[in-house]
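Two complexes are shown next, each including chain A; its partner changes from chain B in the first to chain C in the second.
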Partner chain A sequence: MTGKPTYQRPMLVRHQAGLMNKLSRVAGMRPLTEIDGVPVAALVERFGSPLFVFSERSIVSRHRELRDALSVRLPKARLAWSYKTNYLDAVCKVMHREGSLAEVVSEMELDKALRQVAGTEIIFNGPYKPEGALEKAFRAGARVHLDHFDELARAEAVARRLGLAPKVALRINMSLPGITPWSRFGFNLESGQALDAVRRLRAGGVLQLAGLHAHVGTFVQDVDAYRQEARKLSELANLLAREHGVMVEWIDLGGGFASNNTLHAQYLPGEQVTPSFAQYAEAIAEGLAALALPPGREPTIFLETGRALVDEAGSLVTTVHATKRLTDGRRALILDAGVNSLFTAFWYRHDVVPAQPFAGTPEPTILYGPLCMAIDVVRDQLLFPPLSPGDRIVVRNVGAYNVTQWMQFITDRPAVVLVSRTGEAALMRRRESVETLLAQEEVPAWLA
Partner chain B sequence: MDTLQRLKDLAVSESGFVFDPHSGQTFSLNETGRAILEALKRGETVEQIVTDLRQGFEVEPGADLGRDVHEFLLLAREQGWPVPQVEAP
Partner chain C sequence: MAGVTGAMTSAGTLRRPRLRLPAVVAAALAAYAQVLFADHPGVGLLVLAATLTSPRAGLSGLAAVLLAHGLVRLLGFSQAAAAQGRYGYAPLLVGLALGTFFEPGAGAVALLALAVVAVVFLEAALESLLGGVFFLPVLSLPFVLVTWLALAAAPHLEVVARTSLGLVPAAAPAWLPDAAALWLRSLGAVFFSPTAAAGALVAAALVLHSRIAVLLSLLGFAVAGLLTAFVFSFASDGAVLVLHANVTLAAMALGGVWFVPQRSAFALAAVAALLTALGTAGALALLRPLGLPVLILPFNVTMLVALAAMRQRVRDGSPKAVDFVAGTPEANLAYYRTRLARFGPGFGVRFAPPFAGRWIVTQGVDGPHTHQGSWRHALDFEVADEAGARHVGGGRALRDFRCYRLPVLAAADGTVAKVVGDVPDNAIGERNPREPWGNAVVLQHGPALFSVVAHLAPGSVEVREGQVVRQGARLGLCGNSGRSFVPHLHFQLQASARLGAPTLELNLADVVTGDDASPRLHRWLLPAEGDSVRGLVRRDELAAPFALPIGRTLAFEVALPGGEVRREQVTSRIGLLGELFLESPALGARLWFENQGRQFVAFDVAGRRESALHLLAAAAPRVPYELPEGLVWDDVLPRRRFRPAWSRWLVDLAEPFLPDGGLALEYRARREGARLVVEGAGRLGARPVATRAVFGPEGPVELSVRIGALVHAARAVEEEPAHG
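Here is the complex of A and B:
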């Protein structure tokens, strides 16, 4: 010990007075050195960087929180895991072990789900269900939710050919104040199209109308949307019972609950404005109070919550490759993970924290990924402590959509690891390599 | 007013809080930044500043102090400080 202060790179930050700083809250920033008790440094040493790390404890705890919030208000509520949010086998297995059905929107997802659960535990949504997929779904006893008239006719043809009379649901879209309508999916309620579909389906004499389904949007932070959606579907269910003799057995309210992430256009941080599961559940229960079906005929209520269950469980560990100073004075960090791995950087101002203790004055910083592309920005403005090449950063709340929508562009997709509730870390998906890429390629004979 | 005098007008507290009486703006410096500003006020060159830093701080092997000082001076100029023009290291 010499008694001299430790050298830090010199720092100069201009004070900016004004409203609450929306860029970040450095005062509260703490390093995230461990994920569920496992040191981040040890994870990187074992599995490499960048690295997606999922917490089984978080998945289970969020799942139980939502299930409990629903069950005290809606005894017949069930969750259906939205495969498109994250269809890694291990993640789906955790969800199914907790009691979730599978909600799939493509034949590929259907195939994946059939390896995990019985067909009767699958909800098949989406606007594209080719005949082969419908046949597979009907044979397995999946709940098929019909999206448009062509699909209705196609489903009838398939069921007739198979000699089956499957129970199906109609997807309904509706107008809700303050919510951008998703009229491209399902049959419109206000125009009368939904009732036309009911008549058409019943006239066909093949399919049995047993369910109603709607999905009001994505990252919906206004719980009133669910109150109105539930009320409108309840009133439609009442009308079907009263005037068409159809007693629906299930109502699927879709997904769309917001996670704690912060949208780019959002002023306050997500954790301050995102409703709790209890608030969503309360609004849904209030809307469903409009149901007036005979006692004992209450429909099962499905929710296809994806993002809000798994986002918080996922972290992306990335390494600082270089630092540079931009001409506008900002510090730039070049990371080994970019928007190719972290697709959601286009949507959110992600919560980013160093993975080791840090010191020094925070300064305006931009986080770039490794791609030779101007769009490769992980965070475009935040107050961040000074870091050096080799330092690790954790991007938090990235569990939803990234490991399904990630792109194989220029670099390999990183490995994905699950940390168990007892602190054991294991691979859920291996890091890709150039062999992964080449395995799909062919060179035409005349070029060989 | 000459550059050195304007630099001397920057009021610096022991904790690195800086007030620029000409612009009314305030800034924060870390300890290293404060040492550089004090050296600039004494009219030191980049080479002298680097020597000061090596003597005054515990520096890890491999740290590029010349680059750091140069970068700090560019940043200071961006903020409107009357910092003398310096060549890249």
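Here is the complex of A and C:
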């Protein structure tokens, strides 16, 4: 900066020795003034604040990193984009362009995916698939992963009515040491329920068993879970081939890879503990080495990684609305975006940086959102430089789940922008307005 | 066998729909055509006519052919060989010879019958010996030997010989130039009818059979003419004819039948012609005291000598021996050139990259470090990220290298011939000079064809010697053992299982290069240092339209360029050798294909040009079962198929001397809902060529080829209901 020095808000700080502690990353904090070459200030000026900004370069490079880590170990591995993580059309388009299938868990997601890819490129998961959804999926040729016996019977009824013999997969759950079991989804392996489901499905004579699916958890930082999951599914696939004459065509290992975010309960920052894609891929390949199907009948391996692909691509730009001093001495910043837009603030200690050069001594700060609710805390404790109203802050690694789980509460949802690999910015979703809200509303005639 | 190219598919055995001739007639005509190395019944008919210009000899020949056919049936020899005329041409020549040399009579008939029996047995015996042991053709040796025997035996059977044992010269029309008359008479002389009229019929047969053969016969004629004009001097006209007949046959056979008729084969044919001339001159002198005619002995001897001698070559390249099912010279040339362009100068085995995913070549063939001398044909690979970095962190630890402990795969189907698995990994920057190959797996893919992957991680080798592996099977993990400074994979081909054996030329089949924005599929490629390559991956769902289960019938409505529309049914079939093909019985067309691996490949198509199978071969010569965004691939189609009918025979004369390339088309594909659309574009001279193939879940639904304004198209229709 030349010319006028940056304004520095005066402050009083209690003198204390040594700022180093587990919360202190401020020494390395640098302002994030641009996203993929586009100045943050220009983005806000053009699209308003708060603003979600996604980097296409980041999505593509993460996608390719995972794809390449898999392809050198598992040639037949494919990614299926987990729609629930971020189902903005533009984001899905990037994923499909890079070769991902679509993984959907509701009829709405199915409808959305059918606008983008062929039905055969869709995996339909989830515990709630009403008849209409099943019919739509079967007609389109989607891969339906069955979750429970009632769904199996329902799927049979639908298929029989349509005169189809669709290929389906069974979702399996299993106990893995060190991982909280997700026994609510799918058929349990250890109790024999999974084999019951196999027998039941084959006895039905309508559906064709062609795949196995499991999902070990979410934000799984222990790659060994995948090694064990892959081995158990491989052994089940071997058993099906050996004793039931069923040669599975695909094995879906689910998702759950951790992103570089830091969970509230986590001691070390995410980028230091989150395994690399290569480490996940190696564990999976080692587990799948147990597969013993005949040559040429190797199943396709699907992964439904969502969060780890898109989290780093998304940033939330927010503006300091006011600053205040709390009675406990902490500095508080009131931002124009809170947990209504940033649902993941409940899970992570988000990485937050100023969007312009800053100076001054950092002090313990709490970041509040704009809601008149006690829960509206973006970061409850961090060392942050002194900022002033109008200054901008970037919350990083917010690409996953926020633009699907955000709330429409007392204010509009912000706009979402994509920055292209050539530094071009364009809207992916317009900022909502009161019209958005009113468009859905009706006033009963007697009140009109 | 997914790894074998179309070498087994035939170029010429099914060029045209056969007339349904009675077996004996077909076999007889085939015997006549065989003398000119042809298999066309029309050629046989013309030759038969030529022999009948000397009625007595001609009838004698015909009788011999029919007698031999009956005998072959009686003896239970291969009916397929008999149908090709392989037991008929020698008796034919014996019959012609005896009919020429002897006055008719009971004794002559008896001698003919005995001679036919002898020649059939001798033919079969030599087939077992020469063919079975030395892999050499029997040619017409049985004819020469039996004819000599008959001539020597004749006095004992009270058979009256004609006054002259030589070929009787006959006058030619005065208007015919001397050279032309000599050429025609020498062609006729092969069939003991050295007249211009008989020669003209043989020449017509030759033109019908192959224009390249005509060219070769003229080459032989020119060599013989120059020699008789300037080098040799022969007393009799008969001797000149014998020389010409032998030399012409030699040039035709070597240049057009046993070698692919390219420029180099013409040179070889000229050399063979010279040798045959020397042989004829020598034989004339040597056999005179014995009173035996030379016949076509010099041709036979020169052929066997030349074929056996050419096996000493280090590399079968130029001229290229016909190592596939031979057809006409034209078909051989087109087939070989197309195979070379489409599948590369390989060994019949297609080698996929010995790894999964994208790797980068860090040392190519003739590389600066170790790929030199006897070991020049080798490739080193590592893995790099998008920015080209081959390791993470400082690259001080083995683990830092991206390729370290990645799976190493079998490049093709084979048997594990040798395994070394216990050499420790070197630290970065160190090497093990005592065991330069480190841990290695040697696979055998065929006779004298082995592949080696070396520098594997210790304890990672998963296969054992003698184990049969399929392409893509995991052999071990990439390591840093042996003469290796940093983790990498070494790959080479060699002729023995010994580690350290000299390398053979190699290339990789069906690899994808280019970045994600512009991927390109190569039919075969020898990657250079710095190239990044990956193999194709099979997406099962893309393979579905190409499943073509055996017995599946597809019905098409074919719109011909002339405006005519007709229906055609093709059925998927499997041959005795396991080769898959689509057959159109009505049009006698066949398309050989491969669909079991990672792509659909149409190898070769034969039969009537109206068939939709030609459209399939042109519009989808290959379709990978993986279509990343923007994938481009090219393929080469034989040019001849796209030339207008009237020009084809003329172009045949020039084809051996034209550049190798066929019609190159560039293909792209896209998904349209449940359909797959493959579009190709190229140029044929000034005219743009555009192809389009649309595949539904069950197979092709739309095929079209547009050349300039001409469109040949087909669309799938419902199969006609079966009667009954």
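Points worth noting:
Here is the rule we go by: the second predicted complex is superposed on the first by the 428 of 448 C-alpha atoms of A that agree within 3 Å, B and C clash if a C-alpha of one lies under 4 Å from a C-alpha of the other, contacts with A are read in each partner's own complex, and residues count from 1 in each chain.
As a working rule, a residue touches a chain if its C-beta (ideal position, glycine included) is under 8 Å from a C-beta of that chain, and two chains touch if they have at least 3 such contacts.
Quantities reported herein were computed from a predicted structural model and do not represent experimental measurements.
Of the two partner chains placed by the overlay, neither chain B nor chain C lies in contact with A:A42. Which of chain B and chain C touches more residues of chain A is settled by the count: it is C.
Using the contact criterion defined above for the overlaid structures, shared-chain residue A:I375 touches neither chain B nor chain C, since it reaches no partner. Using the contact criterion defined above for the overlaid structures, shared-chain residue A:L268 touches neither chain B nor chain C, since it reaches no partner. When both complexes are overlaid on chain A, the residue A:S71 reaches chain C alone and has no touch with chain B. Once chain A of one complex is fitted onto chain A of the other, the partner contacts of A:D328 are limited to chain B, with no touch recorded for chain C.
Residue contacts after overlaying the shared chain place A:T6 against chain B, while chain C stays out of touching range. With the contact threshold set out at the top, not one residue of chain A is in contact with chain B in one structure and with chain C in the other.
Within the complex formed with chain A, the chain C residues making contact are 355-359, 383, 385-386, 402-403, 405-407, 470, 472-474, 516, 534-535, 537-541, 596, 628-629, 671, 673-674.
Those residues of chain B that touch chain A in the shared complex are 16, 25-33, 35-36, 53, 56-60, 63, 65, 68-69, 71-72, 74-76, 78-79. The touching residues of chain A, when paired with chain C in their complex, are 61, 64-65, 68, 70-76, 78, 97-99, 118-120, 141, 249, 278, 282, 285, 289, 295-296, 298, 300.
Contact residues on chain A toward chain B in their complex (touch as defined above): 2, 4-15, 325, 327-329, 360-361.
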